[in-house]
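You will see subunit A twice below: alongside subunit B first, and alongside subunit C after that.
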Partner chain A sequence: MNENDLRKVIEQVLVEMNGAGKEISEDVVKETVLAASTATKVEEGFIPDVTEVDIRKQYLVEEPVNKEDYYELKQYAPCRLGIGKAGARYKTDPMLQFRAAHSAAQDAVFSDVDHEFIDKMGLLTVQTQCDNKDVYLTRPDLGRKLSEESAKSIAEKCKKNPTVQIYVSDGLSSAAVAANIADVLPGIMQGLKSYGIETGTPFFVKYGRVGVMDQVSEITGAEVTCVLIGERPGLITAESMSAYIAYKATIGMPEARRTVVSNIHRAGTIPAEAGAHIAEIIKLMLEKKASGTDLKL
Partner chain B sequence: MILRTKLFGHNYEFKSLREVMAKANEEKSGDKLAGIAAESAEERVAAKVVLSHITLEDLRNNPAVPYEEDEVTRIIQDDVNEAIYNEIKSWTVAQFREWILDIQTTGSMIQRISRGITSEMVAAVCKLMSNLDLIYAASKIRIIAHCNTTIGLPGTFSSRLQPNHTTDNPKGIMASVMEGFSVGCGDAVLGLNPVDDSAESVARILKSFDEFKNKWEVPTQICVLAHVTTQTEAADKFNAPIDLMFQSIAGSQKGNEAFGLTAQMLEDGRQMMLKKGTSTGPNVMYFETGQGSELSSEAHHGWDQVTMEARCYGFAKRYQPFLVNTVVGFIGPEYLYDSKQVIRAGLEDHFMGKLTGLPMGCDACYTNHMKADQNDIENLAMLLASAGCNYIMGVPQGDDCMLMYQCTGFHEAAALREILGLRPIREFELWMEKMGFMENGKLTPLAGDASVFMKK
Partner chain C sequence: MQEIIISVGIDIGTSTTQLIFSRITIENLASSYTVPRISIVNKEVIYRSEIYFTPLKSLTEIDANEIERIVKQEYKNAGITPEMLKTGAVIITGETARKKNADEVLKKLSNLAGDFVVATAGPDLESVLSAKGAGSDKLSKEEKLTVANLDIGGGTTNIAVFKKGIIAATSCLDIGGRLIKIEDGKISYIYPKIKELAQSNQIHIEVGEKAEVDKLEQICTLMAEQLSMAINRSTRTNQHAGIYTNEGKPLPEELEIQGLTFSGGVADYVYHPADDDWFRYGDIGVLLGKAILKNDGIKKVQQFQAVETIRATVVGAGTHTTEVSGSTITYERERLPIKNMPVLKIPEEEEMDLEAVTASLIKQIPLFYTEGKLEQLVIALSGNFHTSFASVQELAEAILKGSQEIVKSEFPIVIAVENDIGKVLGNAIKVMLECRKDVVCIDGIHAGSGDYLDIGEPIANGRVVPVVTKTLIFNS
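Entry: the complex of A and B
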């Protein structure tokens, strides 16, 4: 609606309110038009992204007694400090930053990995015995077992007895898969190739817990099995991924036989570097024929 | 005992008291995971009906784990006052419930009866309580304990200052300590969950806490939440100053074994504290619990998570703790699915702890794979404060970056105190006034300025 249209509407409303036939002063109309047009005006530009605030650098306490020293001290903590207060509650900015961080964590847990992304990565999709996210979250036992169809599909379509079997799983963070796989997976593959180590057919396990790697190992007959899986998101990042690696994993083996590389994300172990690191561990595992606490890194 | 009833003319028959107890629970994902939950809403109510007619004597004679097999059972049973038990053993669970709720029944009357009951009775009556029943009943039971200061007095509400850090960095920890104290957090305890579990590191942190406490004359107690044996080693080898000795506990011997713990270790730890601890006492122990931990270590013996949790409290009571809290939403959605289940469990645990006779607090919390958010946990904190809960946790803005979960923040205790007219522990309030952080029970403009502790 342009200003002229707005003016007509306001004039009409004012006349109706005042009763027909009464004179409406031009000033009243002008004022009302101005108020209405400023109230609805949408401006250009962006409100700054609250998730880009560095919480170590943010210091919201009003007139602190010793600003410099506490600011310096709080550089040593990744926590939400120096946040001040509004009454006995939180100021608006830190409250919104917290909510934004939690929203990313929730979305990472409760949404599925995009199928197109998995297809684009050239990964075959298989699934555990969980039918949906709710079952996945409440039945860890079912998340450790492949569906019958999936087990069959891996046996039929994947390379038999590879030296190393690598696969991807959503775990507790779909965001971790989306953020890291395109860098980590090729990184491992190239690293292993350079060592002359042969790898199996990579695939994606939907609704997977770490333990499903034992069944994968038994089906493929791989010497070393490695899963890249989304970690439970924290508020610092929702994109953290872990690699669990085991030498000749078997169903029911002790947890201590797994080697873990955790904290793979942009602000932790850089995804591109993680690939080379994992390849190196796998090479060592093959040499020593051991993993987990049996393997000294 | 009769294990059969009809609902809408439909027969419901249960095979054992164990089955009745499990199915009488409010819905919990952990009981479903264990395969023992009621199969329908109607069956749940039928189990409650049957349970309401069970006598306290039946409950005493059917402990979750046999006396001969389990030291937790032995401690609970051996500590029963037989004279008091004989007065009430013929009561049904329904009678017990109504006696607790009766206006004529005072907190001190309940505390007397709690010496004659077992944890299975505590769990049973909890299962017949609505959420408001749990708040109403708990609100009249005040359990007071003394370490350096006195916790649990009527009109007070306390908090633990939890300055956890991803790498135990001493400067980073102190940044949290200062900000927490500046908003009135930490009158229950200054207590850190360590990343480095070595006795040397634990001792180093305890010394830094002790130094801060003495320098600023903070009337509180200090603790580092390592294993009992590690804390003992820290005291023996490194002269660590310890006001409170911490331990995670479970409701069965097997569950405690998963924590690397025996009853003897706890007794040894307590004796060490009485000899070498730095606090006034007599209450020198701090325990944490949480529904579902027994199932997660396959130590639940087929019993439901409310009953196993009640047994933690029966076990804890032997060691006369200063603090006990359930870490109610930490375990994840396979045990407590969403905010509704966490809120229910928080109220159950607080009530059961108080009925057992413990100075009970609660870590109202959730993980990011649960269907819960900060609003839910603020609701629970409000309900707990109304129920007379002794203390809650305090971490910077509710975000524990080391344990990767969210709980109540530094500001929550202050807000709840102001809303409900509650105060910190008296000595601590006087200290806050002296520091300029509090006036007439409210935070001052200076509160929240941690840099006060760095004044030149």
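Entry: the complex of A and C
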């Protein structure tokens, strides 16, 4: 809005305020315009990003009995402890952090993994019987079954009877896939290569639950099947990923036959190292021909 | 699931030779759904030997055969065979390390005692081991105090200071209970520095004269005052600088000691002073204990009971030298154990730049030649700057480029990193070398330049390896 427009608006407002028909002096308008246009000032700088705060290092209790000890305690885990309070409520900063973490968790669940990223990783995309996120969240059973087309596609395009079939799935956190796959997947592949273990064609399952690995196992005929899947996000991280691994998985097998490696993320188990560890578990599984509670690690 | 390993500690000191066996319990503290985290959860001494006077053939020679006999007998008494031991340390400390056949004794012991670590402890290492044996590190952590342990032995007093469980400083003084010896009521030996100390305070003492309690008590008071100066509780005199072993350094002056523990042979007479029979050990140890207790400077500091006193060093050697590696590592079973590897440390500032990593290795490897030939060494780095898969590959490449000489040799490539990337880095190197070379890559280990590392046989179902870092700073 330029000065002229502003002038017109103010003129009009003043006219209305003073009652129609009354004469407005030129000076009053000028003065008001000047005041309004100088009062708006654009500041340099920005509001600090609340998600950048390391909550292990933030201690906000006022007049603490023993700040040092509490601070040391906080170093053990990234928990929302010692964040003070304003009356009966949270302080502004922790409140904003909490809401930011909550939003990140929601986003991780409701957003899709970027297609470009999946293509870049060289993964073929298939889908379960869920058509969208709402169906995925409300119908876990459909998230455990591949769509007919997808099942066909895997059967046609993927290597038959590989020793190990690895695939990726969004699960409950697309953010986890985006954050970790580029480190975990090659970590596993390299580990398996160093053991001389051959792998199948990796792919990506959209709207996948863990259980779909059983169907994948049956279609590909893999000896060991491993899915890298986004974990239900929490308020500490939305990027945590798990690997579920099973020896000769079959539809309807007991859950106890799955071996799981969880907590794979930047601040948990380092993703590349987790990949190397998973490769070793797979090697062990092949040696012992067992998985889950049957396999002593 | 817990696993117990047995560790031995043998200490051949200036005055005494001792041996202990301890039980180290390791356990996976992680839930079964995550990557294992195997840690030492308990350390317990299960057998304490008799305390022997260190057998000497002459003033310059240890009686190796007698040591051998003692060790054999104690193993038998404890019902332990060398095969049962997974780790441990033999250390020759104090004056004894300077005997001309110290190396020979060590070799003999390593064959006899089990397949593990053998080390000659410098005064710094001895200070740390005795303080850990005395429990000062734990005490300082629990009480959140700066605690100094004074390990007062025959020839030296080793001081280690812990701040909230972390080693802050060490020092070693020529103050000990056997620096004046008494035989048949007469003075038979005076250590020159002590004679000087007495003389400068107008006390004259000569070998051969009658041992007078009063006079010796005065000398012990002077010695105690030196200790008080060493822990910053009395003003340091000009003479004080000369009392440090091998012209060593005193503790930093700004260090405020808030708690004290005592170990070593004299400690028992600090905690429980005697009233008579002063020369029961043929030395001034009992008198020195009393003098330390009475010293005004030392009195001002809060005193704590040590967990171990005369056995602190041997307990430290037997139970506090071993750590376990991280739980995701790379190794070749048949290559382990590897002992006494010198550490080639890539400094952190060079680690950030891959070209500098290569250059650092090329520059440093020749420094580890023995008689012009390469020996087994361990490359140590923090691993803090390369954690993504792609950057670990680059790091692996840079390391390989710089260590071509090791690649061409018969030795395996051995790497110790601090950060949890041991397995992926090891895999990267193995794949780059097309698995034609043995690679040992462990993590969770801090090692610095000048350290020596021993890597033991895998334990806990092959997940971890015991590691002994012969260094000043242990991570616990």
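Following the convention adopted for this analysis, the second predicted complex is superposed on the first by the 245 of 297 C-alpha atoms of A that agree within 3 Å, B and C clash if a C-alpha of one lies under 4 Å from a C-alpha of the other, contacts with A are read in each partner's own complex, and residues count from 1 in each chain.
Here is the rule we go by: contacts are C-beta pairs under 8 Å (C-beta built on N, C-alpha and C of every residue); 3 or more make two chains touch, one makes a residue touch a chain.
On a predicted model such as this, the values are computed, not experimentally measured, just so you know.
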Fit or clash - subunit C, subunit B, common subunit A: fit
Contacts of A:277 with subunit B and subunit C, given as first, second, both or neither: second
Subunit A residues touched by each partner, larger count belonging to subunit B or subunit C: B
Touched partner set for A:7, first subunit B, second subunit C, both or neither: neither
Which superposed partner A:139 touches (first subunit B, second subunit C, both, neither): first
First, second, both or neither for A:159, with subunit B first and subunit C second: neither
Which superposed partner A:56 touches (first subunit B, second subunit C, both, neither): neither
Partner chain in contact with A:262 - subunit B first, subunit C second, else both or neither: second
Touching partner for A:69 - first (subunit B), second (subunit C), both, neither: both
Subunit B and subunit C, minimum CA distance [Å, superposed model]: 9
On subunit A, positions contacted by subunit B and by subunit C: 69
Subunit B residues within the subunit A interface of the complex: 29, 32-33, 165-166, 169, 171-176, 178-179, 183, 333-334, 337, 367-369, 373-374, 395-399, 401, 404, 406, 409, 411, 414-415, 417-418, 442-443, 445, 447-452, 454-456
Residues of subunit C defined as touching subunit A within the complex: 32-36, 144, 328, 330, 387-390, 392, 419-424, 426-428, 430-431, 435, 461
Touching residues on subunit A, where the partner in the complex is subunit C: 68-69, 182-184, 186-187, 190-191, 193-194, 196, 260-263, 268-277, 279-280, 296-297
Residues on subunit A engaged by subunit B in the complex (per definition of touch): 61-62, 64-67, 69-70, 73-74, 76-85, 87-90, 94, 98-99, 101-102, 105-106, 108-109, 137-141, 172, 232-236, 238
